[in-house]
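A, B, C and D label the chains in the order they appear, each numbered from 1.
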Amino acid sequence: MLALEVSNVTVRYGGVEALNRVSLSVSEGERHVVLGPNGAGKTTLFNLILGEVRPAAGVIRLHGEDVTRRSVVQRVRRGLGRTYQQPEVLARLRVEDNLILAVRGRIGPRFTVFSKRERDRDTRKRAFAALNAVALGGVAERRAHELAHGQAKQLEIAMALAGGARVVLLDEPASGLSAGERKQITAVIDGLDRSVTVIVIEHDMDIAFHIADRLTVLHQGRVLACGDPERVRAAAEVREAYLGSGLDG
Amino acid sequence: MSRSSEIISAALLALFMSATASNVALSAAAGTPIRIGVLSVNQGPAAAGGADGFRGIAMAVKEVGGAIAGHPIKIIEEGTDQTGPTALAKVRKLVEQDHVQIVIGPGSGDEGIAVSNYADRQPGVTFIAGIAAGEAETYHHPNVFRFAYGDGAQWVAGLGRYAYSTLGVRKVATIGDNYSFGYAQVGGFVSEFCQAGGHVPKELWTPLGATDYSSVVPQIPSDTDAVYIALNGADAINFLTAYYAQGGHAKFIASSITVDESVLSAKGSIQNHLVGVASAAPLADTLEIPAWNSFVKAYKQHYPSGFAYPSVWATGYYTNAMAAFTALAKVNGDLSGHQQAFRAALQSLTYQSPTGPISVDGNRNGVFTNYVTSTQHGPNGTLLNAVVKSVPNVREETFLRGGVATPTHPACP
Amino acid sequence: MEEFALTTLNGVAMAALYFLVAAGFSLIFGVMRIVNMAHGSLFLLGGYLGWSVAALTHSWLLAIVAAGAATAALGLMLQQGLLRHYQGQELTEALITIAVSIVIADLLVATYGGLSYQIPAPVPLGHSIRIPGTALRYSSYSLALIGVALATGLALWLFLERTIWGVVLRAGIDDRQMVAVLGLNIQRIFALVFAIGAGLAGMAGVLDGTLLSLVPGVDSSYLVAALAAVIVGGMGSLEGSAVGALVVGMATEFGIGYFPSYAEALTFAVMAVVLVVRPTGLLGKAR
Amino acid sequence: MIAFHGAPSGRSLAWCSTLLAAIVLPFLASSFVTQDILALAAWSAIVAMSMVFLSKYGGMISFAQVGIYGVGSYSFAILAVGHGVPWYGAVAGALVAATLCALLFALLVARTYGIYFLMVTLALGLVVYFLTISNYGLTHGSGGIPGVNPPHLGSISLAQPIPEYFLDSSVAFAVLLGLTLLMRTQFGLALQGCRDNPRKMRAMGYSVMSYRVIAFTLAGSIAGIGGVLGVWYNGIIAPSYLDLTRIIDFLAIAVIGGMESLEGTFAGAIIYAIVTTYASSFTDRYNTVIGLVLLAIVMFAPGGVGGLVSRVGARLALAKAQLTPASTE
C-alpha cells in the first residue's frame, strides 16, 4: 500500500509554474529523499502535500484516500506531520507545551476547555516520550525561543512525530547545523520507527544518500529522476542539473 | 501572577497619596464660602464660545464683589470637550471631590442630558444650566433650573410667524444637524410656521460635523420660497460654501446657531452671504435697552480681545450666574436644609437680565424675551445681529405640545 | 438625473481630497508598516499653517507650498526623532503617533481656537463654471482639485515606477529584508517616504481649508476616511489608495445626498462588505 | 488558589495585603475616590482587560473593544429604559448582544493579522459609533439614552459608592481570575500557540481561525460586562462614549498598565483616572499632558506599569536569591 501518492500535480503562482505535472509515490515505511537545486519546487511540493497550497491540477492521496480537497487540519488528523526549513516552533511557550499541543492537535477533540485528568496525563506521557526520542528531555521547561538552532530543529521533528504521525515531511532537517548536530539529527531519523513513512528534503548529499531508500530529483518544477540511490546517482540528467556539484560524494 | 499584587499595591499607594493630598487642600479653605462649580467648553470646535462662557461668569462674580451676604464666592471651573462623557466626569469631580453646592453649566445639549441625568443622583446640589438647550432638560429633575435660555425651540420663537407674516414665505425646506439641538431648532421654527399656515415639504437632516455638503445641495427642493438652516458653526460654513459653489440663490432663514458669534467671526468670507438673513435668538447685538448697553460696555472693557459683542455663551452664563447670585442674596447665602430656601427663591425670582426680564416656569425652565434678528454689516467689516422684533414671555410649553422634537416631529408637509 | 450627475461629480471631488490624504498614509504604511495615527493632525496643522501664510502673504500658492514643506519637515522630525528607534515594533509606532496626534490637536486648539477657518480660493478658481456640453454648473475649484489629485497621483506613480528611488521603494513594500540585503540605505528611504506622506497631508489640509473649512475635529474625520480608503483599496498600494478614495468619496457623497442620517455608517458598511469579499482590499495583494 | 501556588511566603503575603487594602481602602478614602477613581477604574479595567487578553494571549491588538462595550451598554439601556425589562433580563440581553456583535466582528477579522488587524478593528469600532449616532429610532442619536440606573439589591443601591466599588471590583477580579485560569487549560495553551505561530499550529492540526474567533468572542463578552457596569456608573449611554477619543482612552489604560499584563489594567485604569481628573485642575492643556504621559510610557516603559513592576520584582527576587542561596521550595 502507498502511504502517499502525488499524481500529475501542477501548481501555479501567478503566471509561473512552480510544479509542473509532478508525480511522486512513497510506500509505507519508506525513507524518501527529495533533491534539487534552489527554486526546484521542493518546498512547494511539501506545502502542497500538507495542503497549504492548492494544486491547479492533479490528485494527492494519503493512504489511498483522495485528500486533494481536504484542509491542512483534516490531513494532519489523518496522520500527516511536517517540519519547516527554518524551524517553526511556538516561540513563547515552553518546550513541553509545544509537544503537548502537538499531541493534542493530532488526537483532538478540537476544544477541550476542561480536560479530563487521565487524558491529560496520557497527553503528557506521549509528549515526554516524543521529547525523549529526540533527547530534549532536559530542556522541557525552557521557552522554545531560548533553544539553540539545532535543538529547535529537533523539537520540530519531535512535534511532527508526536501524537502518532504516520507520514512526516522533514524540510532540510540538517540545514544550519554543526557537524556534531548533523550526526545527532541523522541518528534521530535513523532511529524512527519503521511504521512511520518519512519524506525528507535535504541538501547534504551524505545525509541524503545515507537515509534514502528512494530519491526524487526535482528541477525547475519537474521530476528529473526518481528511484533508488544507485539509479539516481547514475542518471545523466541529474549530473547535468547539478553540474557535477557534490554528487560524486 | 507574582507581580499582580505588587502592581495593584503600587497603584493603590499612588492613589492614596493623591487622595490625602486633595483632602489637605480641602481643609485649608477658610470661612464659609459658597462653592460654585462651572462647566463650560474648552476643547474642540466650541472652545472659543466656551471661553466666553467663563468670561460671563467672571463678570457676574465681579459685579457682586466676589461675595454674597458675607459669604465669599468660590468658583471652580472645569472645561469640557462638548461631549457627555467629559461633562459627566467633570461634574462628578466638581460635586464629589470639590464639594460644590451649585453647578452652573454645561454649555451644549448632549452635555446637558448627561448632567441632568446625573443631577438625580445628587439631590443636595442645585444645577443651573449654562446654555445647554436640550428640550425638556429640566423636567422631572427638581434640582435642575435653567434661566438662560430655555430650550433650542424657544431660541427661535417669533421666527416662524415673522417668516410667514412679514417675509410672506409660504413653503420652506429645512436642513438641520442630526442631533437633539438641531431637532429643537428646526422643531421650534416649524411648529410656529405651521401654526401660522405655512408648509414644510422637506426636512433634511445631516450628520453633525459633516464636512462636505455638496451633495446635499441638489436635494434642496427648488420650488420652496425659502430654506431654513439650523446648522452649527463649522457645519453652517461648510454648507454655505458648498451651496454658493454650486451657484445657488435661495432665500435663507437661519436658526440662532447658524448666525451666532462663532459663525459671524469665522476666518473667511462665506458668511457675508448671510447679510440680511432673518434669524432669532435670545439676544441681539444691537439691542437698545440700557441693561444690554452697559453689559456690552463692561464686556468690551474687560475683554478687548473677546468677541465683537458678548456671545450667547457670555450672556447666558452671566445671566444664569446673576440669577443664582440674586436668589442667594435673598436668602442671605443660606444653603442649608437641602437648599430648599434657595430653590424657592430661584423659583419665584424675576431677574432683570441684560436682554430683558427672565424667570422660570413650573418646570424650572426659562421664560424670557426672544428676538427676531437680521444679520447686518457692523463697523470695521464685522457682522452683527440687528434687532427686528422682540417676542416677550417665551415659554417652553408653547413648543412642547405634542412632545419633544424629533426628526419627524413636528411636521406639516 | 442632474442630481445624480452632481453627486457623482462631488464624489470624485471628495475622492480627490481623500486620495491626497490616503496616498501618504498608505505609502507610509506600505513601506514602514506604520499606522500613522498622526496623519490627520498633520493634515489639520498644514491647513492652519496655510491659512496663516495666506493671511500674511495673500498668496494661495505660497500657502500650499509652505504648508507642504512645514508638515514634511515635521513628519521627518517625527520619523527621525521618535519612530526611527522603534522600527519593526508596529504597535509601539502606532501608539507613538497616537500620542503625538493628541498633543498636536491640543496645541492647535490652543493656538487657533475653535473657530472655522477658510482659506480664500485663488482668484481664477473662485467661481462656478458650466460643464461643457451640459446644463450643469460646477465649482471650478473642485474641478481644479480633481486635477491636482490626478497630477499628484501621476507624479507619485512616475516616481514609484520610473525612478531608481521608486524601484527601491516598491521592492521595500514587497520585501523589506531584500532591500536591506541589497545594501541600499533603507533609512534614507524611510525618511523620504515619511516626509512625502506628511507633506501630502499638509497640502491636502490647505486644499480642504479652501474647499470647505478647518475646525478641530476634521483631523480625525480625515484620518478615519484615509483609514477606510486604504482598507477598501488595499493597504500599501498607490492604485489601491486611489480606488479606495473613490469608493469612500462616492459613499460619502451618495450617503449624505440620499441617506443623510446614515451617511457615515454607509462608508463603513461598504468597508465591511469589501472585507468579507476581499480581506486584503480591492487591489491588495494576498498576504 | 493562584496566590498560594509556588513559594508561599512573599507572594501570598503581598496578595493578602493587596486584597486587604482593596477591602479597607473604600472605607478610608472619600466617596469621590471610592466611586470616581476606584469603581471607575475597576469597570474600565474590565474593558481594558478584554483588550489586553486578546493582545497577550491571542496576539490580536483590537481597537474594536470599545465598540463592543458600547453594544453592551446600549443593549442594556434599550432593554431596561426603553422596554422596561427587569435588570437581570437586560443584563443577559446585553451580554448576548455584545457576544454576538463580537462573533460577527470576529468572523470578519479572524483572517487578518498584526497591524492590519489593528486597522480593521479600529474601523469596526468606528462603525458602531457611527451607527449609534445615526440610528435615531433605536439609540436616540447623539443625545443618547439617559436614565439608566443600577439595580437595588435588597435595600442596597448599587449606585452608592461603596456597593458600586465592591460590585465592580469583584467582577473585575473574577474576570482576571477566570481568564488566568482559562489560559492554563488546553484551550489557553492552543490560543497562545496560535499567537506564536499560526502556520505551525495549522500544520499541527489546529483550526487557528476557530481559536481566534472564540477568543475574540470571549473578549467581546468581557467587554460587554464592562459595558453593563459602565452604563450603570454613567447612568447614560451616548455615541460620544464610543468615539475615537474613548477608544484611545481605553487603549491608554491598557498601555499604561502594560499590554502584556492583565493585572496591570487595574493600575493603568487608576493612574489614568487620576491623571485625567487632576491634570485639568492644573492646566487647560491637559490633553497635551495626557499625550506626553502616553508618549513617555510608550518610549521609556514599553511594558507599562506591569512591565516595570515585573522588572523590579525580578531584580528583587534575584537579590533575595543571592542573599539566601539555600532557600527551598
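As a convention for this text, a contact is a pair of C-beta atoms (placed from the backbone, for glycine too) under 8 Å apart; a residue touches a chain by one contact, two chains touch by 3 or more.
From a predicted model like this one, the values you see are computed outputs, not experimental measurements.
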Intersection of contact partners for subunit A and subunit C: D
Comparison of B-C and A-D (more C-beta pairs in contact): B-C
Chain whose average C-alpha position is farthest from subunit D's own: A
Centroid distance [mean C-alpha coordinates] between subunit D and subunit A, Å: 42
Centroid distance [mean C-alpha coordinates] between subunit B and subunit A, Å: 73
Rounded Å distance between subunit B and subunit D, as computed from the means of their C-alpha atoms: 36
Residue numbers of subunit A (touch at least two other chains): none
Per-residue overlap in subunit D, given as positions that touch at least 2 other chains: 133-134, 136, 284, 287
Multi-chain contact residues (two or more partners), subunit C: 106, 261, 263-264
All chain pairs that touch each other: A-D, B-C, B-D, C-D
Residues on subunit D engaged by subunit A in the complex (per definition of touch): 182, 185-187, 189-190, 192-193, 195-197, 199-207, 210, 214
Complex contacts: residues of subunit C adjacent to subunit D: 29, 33, 35, 82, 85-86, 89-92, 94-96, 98-103, 105-107, 110, 220, 224, 227-228, 230-231, 235, 261-265, 267-269, 271-272, 275-276, 279, 287
Residues on subunit D engaged by subunit B in the complex (per definition of touch): 2-3, 5-6, 11, 14-15, 17-18, 21-22, 25, 29-33, 35-38, 133-134, 136, 141-144, 146-147, 159, 176, 180, 234-236, 238, 240-241, 243, 245-246, 257, 261-264, 266-267, 270-271, 274, 276-278, 280, 284, 287, 305-306, 309-310, 312-313
Touching residues (chain side subunit B, partner subunit D) in the complex: 1-12, 14-16, 18-19, 22-23, 42-43, 78-79, 81, 83-85, 88-90, 92-93, 96-97, 109-110, 113-114, 116-118, 120-121, 134, 178-180, 207-208, 406-407
Subunit D residues within the subunit C interface of the complex: 61, 108-109, 111-116, 118-120, 122-124, 126-127, 130-131, 133-136, 244, 248, 251, 255, 259, 284-285, 287-288, 290-292, 294-295, 298-299, 302
